[in-house]
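To start, the structure itself, in structure tokens.
So that you can tell them apart, the chains are marked A, B, C, D and E in the order they are listed, and the count of residues begins at 1 in each.
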Amino acid sequence: MPADTANAYTDTDAGGRAQGRATVGTGTTADELIRFDRVTKRFGSNTVLDSLDFRVFPKKHVTLIGPSGSGKTTILRLLMTLLKPDEGTITVDGTPLSHEERNGKLVPAGEKHVREVRKNMGMVFQQFNLFPHMSVLRNITEAPVQVLGMSRDEAAERALELLDMVGLKDRSDTYPGRLSGGQQQRVAIARALAMRPKVLLLDEVTSALDPELVAGVLDLLRDIARTTDITMLCVTHEMSFARDISDCVMMFDEGKVIEFGHPEKMFGDPEQERTREFLSAVL
Amino acid sequence: MNWDWSAVDAFLPRLADGLLVTAQALALSALLAFGLGLVWAVAQRSGPALVRGPVAVFTEFIRNTPLLVQLFFLYYVLPEWGLTLSAMVTGVVGLGLHYSTYTAEVYRAGIEGVPRGQWEAATALSLSRGRTWGVVILPQAIRRVAPALGNYVIAMLKDTPMLFVVGVMEMLGEARQFSSETFLTVEAVTVVGIAFILLSCPASFLMRTLERRLAR
Amino acid sequence: GCARVATGNDGDGGRLLEQLRATGTVRLGLAGEQPYGYIGKDGRMTGSAPAVARRIFKELGVPDVQPFPTEFGSLIAGLNSLQFDVVAAGMYINPTRCEQVVFADPEYQMLDAFIVARGNPKELRTYRDIAESGARMATGIGYAQIEYAREAGVGKVTTLPDQLAGLLAVEQGRIDVFVGTAVTARNVVRETESTRAEVIDEVTPHVDGKPVVSAGGFAFRTPETTLRDAFNRELRKLKKSGELLEIMRPFGFTADQMTDLTAEEKCRS
Amino acid sequence: MSEITPGLWEILLDGVWITLQLTFLSAALAAAVAFVTGLARLNRLRIVRFAAGVYFEVFRGTSALILMFWLFFVLPLGLGWQLEPMWAAVLALGLSYGAYGSEVVRGAVAAVPRGQHEAGVALNLPPGQRLWRIVLPQAWPEMIPPFNNLLIELLKGTALVSVMGVSDLAFGAALVRNATGQSAPVYTVILLVYFVIAFAMTRGMRVLERRARAGAGEGPPRRAALSPRRLFAPRRRAAAAAAASSGGERR
Amino acid sequence: MPADTANAYTDTDAGGRAQGRATVGTGTTADELIRFDRVTKRFGSNTVLDSLDFRVFPKKHVTLIGPSGSGKTTILRLLMTLLKPDEGTITVDGTPLSHEERNGKLVPAGEKHVREVRKNMGMVFQQFNLFPHMSVLRNITEAPVQVLGMSRDEAAERALELLDMVGLKDRSDTYPGRLSGGQQQRVAIARALAMRPKVLLLDEVTSALDPELVAGVLDLLRDIARTTDITMLCVTHEMSFARDISDCVMMFDEGKVIEFGHPEKMFGDPEQERTREFLSAVL
């Protein structure tokens, strides 16, 4: 199934062989929330992303899968401006990440521009990356106060709501070092949500956890996916979770999207041999 | 600033004399520091309890008091107690002793880095204590700490100017003598300062390269 | 205050005297050498030069003197780098030094002396003896005696921080002879009640084959001739009235050592 | 010690005071230099890194005593202005120990996990805030033990000013020695005084470190047993290991 | 079967419940090579060996088995005088390890005495513990030259024989870092044999090796067991190897020998429930 017919495939999803551009959701170009245009990223001589194209419309939940080293993390890090693309353009909510218009000319983005577009994104890391020297509450309130200019009280109030949501209201004065991995990850999710991002980037958020702690975190994310409007880009090896929450699964290999589609289709009857191989190995 | 190149010309031969003295003092005191440091380290690791305590206190004391005052002490006080050392010997002993307390720590770190299994294997082969130290442990320990020791040699180089206070005519001493005779302080002190940078920068660069090489 | 701007050489004789009068304090550079300027057993500054300076600066309207003890070899550098205002260390006046600083007229004249081991085993009585016997000689850093020794052909001269170090070095056999000014050498041996060293008095140095009588005085930075001249005027008054000897006598000076030489003469010779 | 009269004791006490002042002031300057240079050496811009690197190499390469000579005798002759000896000494000590300290700052900051920087970016904190609120609070406890070693080196370094005629403790000793004609009592006394000051500073830094670690969300460090070798510098082992492995020279 | 009848059990082996003393081999007390008399070893409050008794006669091959932490390594380390017992006596070839007779009185053993009895033992470690700064040859010759007073040439000649035996004759000039784990362990065995010990102590000598290297080392040890007279005390989890070479297997638990006997019996039909459990877990 050629990609240019993808939009017609289902109501919410595009799918199929990704020779052209992978598109998740429907709408006009103006509605696109995330857009990768011929993005290439190299580390030295290693081309990790090779002229990658894809789009995501708002409120969609996308899962990225693919073998180790295929560039999934790199995509999230590019979106979070932790990396810069070597070629191509990334656009979030209509604004290019790495360029800005000044006096009618496109110039490399300054710190201010980058911070402005970064406001759209929140990220949760595999290793939690909570700030060990701040209490749980402070971890969550610090950025809203410093970046969004909220008052401490307001930020704390909202943080407590979020902590309530992640089931850790009573641990707000604890330091992260005292929490289990699962609890830390839930705090990290709350911390990312406190900034009210449009897109939540999740990079293997359960793979550093002991098996018995994984379920709690995944349940929380399912809840968030169900009850909020937030767009999610999610790298995970938890296929049942991916099936539950995703509108679309994208399979990466060798720097390209080699296939994408609705999870039922992708997990049930993938078209590509490579996808089938990969799934049979991880399922 | 009135810079006088002829003063530099006049000073260079004296600088060469001073450099020779600096080199001698450095070489001898480095040897002393390496040797004594090893003694402290081994004594603290496997000496009898009666030795370990005093050695610990002594090295802490030396390490935490100024070399300059120690030099004065060696030069002026020891003779009152019947031990007279020449200026050069005072300098070498002072510098060597002072830095031996640093090299002792380096050796200690190196010795502790030798895996326990090496001690056990040596014991299992019935090697004597002396042999175990000499053939098994120390060669491995010293290999890992060689760059750190080298760095201390550079630190010692930079402390050799202190020896002039007891009359060792090293480079700074020559500069002082020269400037008190000719009053060309600017040139003499500047030349010595540059000489030190020229000596120690490449040396520490070398050490860092060596370190990186060994770390690999 | 942290940084001070130097008075600089503005060619008009300097304004240091005005400044000193304004602050009321003058800082004296001392070398810690008896009897010229040193810290006494009671912990206070004493010595002939501070005593004279105190007297004269009072006359000049500067009531306070502050000691700045340093090494002899650092005195001129310290003066020129503004660490103190006057060298009050009984410094010998000679042509080389006159190029660096301006001297007041000498307040004393003096011959040199040797500190040697008791009984003078190497029989050292002149600089030439040292040169010929190859004895190990030491003196202070920057002492004029280095030049005198060179003139006499002494090859290697060790330098030590002060005369006490010199005395100890002789007692301990590190060196054979320590050379200093006559009063210095005599005083240090007497004060320490040394039993192992003695003083050879009244050694006459030679320069260009001619005997030299050394004379020492106060030194000022080159531009400060106004201050120097004012100082000289007061000094001459003290000499004339004989008060100078009275001030200096407690430190071991005698009438022989009073002098009418001028700085100008000593700078020429 | 009867030879040391009250007047001479006073000289020594004044000397202790000067030594303490020198240590404190130059430590403050050194700390400022260390942070500025250390952070500059991690700066994004190559030119900033290079300049800071040159500063570090040059001051690490010079001998502190020669630097002092230069600041005392050469700088005034060349520039026509003069620092008070005390301030020249503080400048010399602060600049050279600051260079050593920059290595400590650089190392500790570089050792903060990358993920912490990245979390800061992901939360959109501005660079200054990332440094100030995220990175430095975590790096700070790691800096204290090596800073303690440097502080002791600095204390010892202050004795050099006596050669320049600043009336610190070591200089006081020379005066007393000259006045009494005896060396043993006064040098023994001042060696002990230096040792006691060093000991007190080490203890103080230990308290500081414990506080810093508690503030950084860690538990208090294990209490060191009271053996003579631990009594003094309990964290020295780590420092020596660091010296053995990193570019650490003595200071 | 009470232990006091153990000597009669088979020609070469004792076996059964070890309420009394485990004895491997037959002979008079004077022939005993290794003897533990009520040996107790504690680490802090943890009693690792509890009044342990056993004997081994010359030329026997004994395998020690038991769960992790049961004290197997501790026994070997006590024999090698790397540890001292808290109570009881260990005797090797008639000489007590930790005491010596001086002027008719028993006094704690001095360094010299300990080194003398140590000569009877050779040990091979799990982690090889070769000296990394010496060539393979030097590793083997160092102790014979220094301790036995052999000439360098003689020691080298013998070392080459041993290297030949372990199949590494051509690697004598190599440094250990260049060898595979299996090769290193074979060198370690040669090094131990070079001292001509009466007893060879082997502590899980293959468990640090990659699986494909294990066989080579075990084959070598089988050869040694078959062709030499050396007594072996061997801790291993390689049950088939234990079955091949052992005259006796001793099962340890909680600081005691709970059962011992011929490998056929021990592996085929152990008497103790604990032994059966342990073996079913590892076999």
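Points worth noting:
Following the convention adopted for this analysis, contacts are C-beta pairs under 8 Å (C-beta built on N, C-alpha and C of every residue); 3 or more make two chains touch, one makes a residue touch a chain.
A quick map from chain label to UniProt name: A, E = L-cystine ABC transporter ATP-binding protein YecC; B = Ectoine/hydroxyectoine ABC transporter permease subunit EhuD; D = Ectoine/hydroxyectoine ABC transporter permease subunit EhuC.
Since we're looking at a predicted model, the values are computed, not measured.
Listing every chain that touches chain C and chain E alike gives B. Two chain pairs, C-D and A-D, are weighed by contacting C-beta pairs, with C-D ahead.
Mean C-alpha positions place chain D and chain E at a centre distance of 55 Å.
Each chain gets one centre point, the mean of its Cα atoms, and the points for chain A and chain D are 46 Å apart. In this assembly, the C-alpha centroid of chain B lies 20 Å from the C-alpha centroid of chain D. In chain B, 76, 165, 179, 185 are the positions where the chain touches two or more neighbouring chains simultaneously.
Shared contact sites, meaning residues of chain C that touch two or more other chains, fall at 77, 161, 168. Screening every pair of chains for touch gives A-D, B-C, B-D, B-E, C-D. Interface residues of chain B facing chain D in the complex, by the touch rule stated above, are 1, 44, 53, 56-57, 60-61, 63-70, 72-73, 76-77, 80-81, 102, 105-106, 108-110, 112-113, 144-145, 147-148, 151-152, 154-155, 157-162, 165, 172, 175, 179, 185-186, 189-190, 192-193, 196-197, 200-201, 204, 207-208, 211, 215. Interface residues of chain D, counted against chain B in their complex, comprise 57-58, 60-67, 69-70, 73-74, 77-79, 152, 155-160, 162-163, 170, 173-174, 177, 182-184, 187-188, 190-191, 194-195, 198-199, 227-229, 232-233, 236-237, 239-241, 243-251. Taken in their complex, chain D has these residues touching chain C: 5-11, 72-73, 76-77, 80-85, 87, 163-165, 167, 171, 174-181, 183. Partner chain B is touched in their complex by these residues of chain E: 80-82, 111, 115, 118-119, 121-123, 125, 127, 129-133, 142-143, 146-147, 191-192, 195, 201.
Listed in rising order, the residues of chain C touching chain B in the complex are 73, 76-77, 96, 99-100, 138, 141-142, 146-147, 158-161, 165, 168, 171-174.
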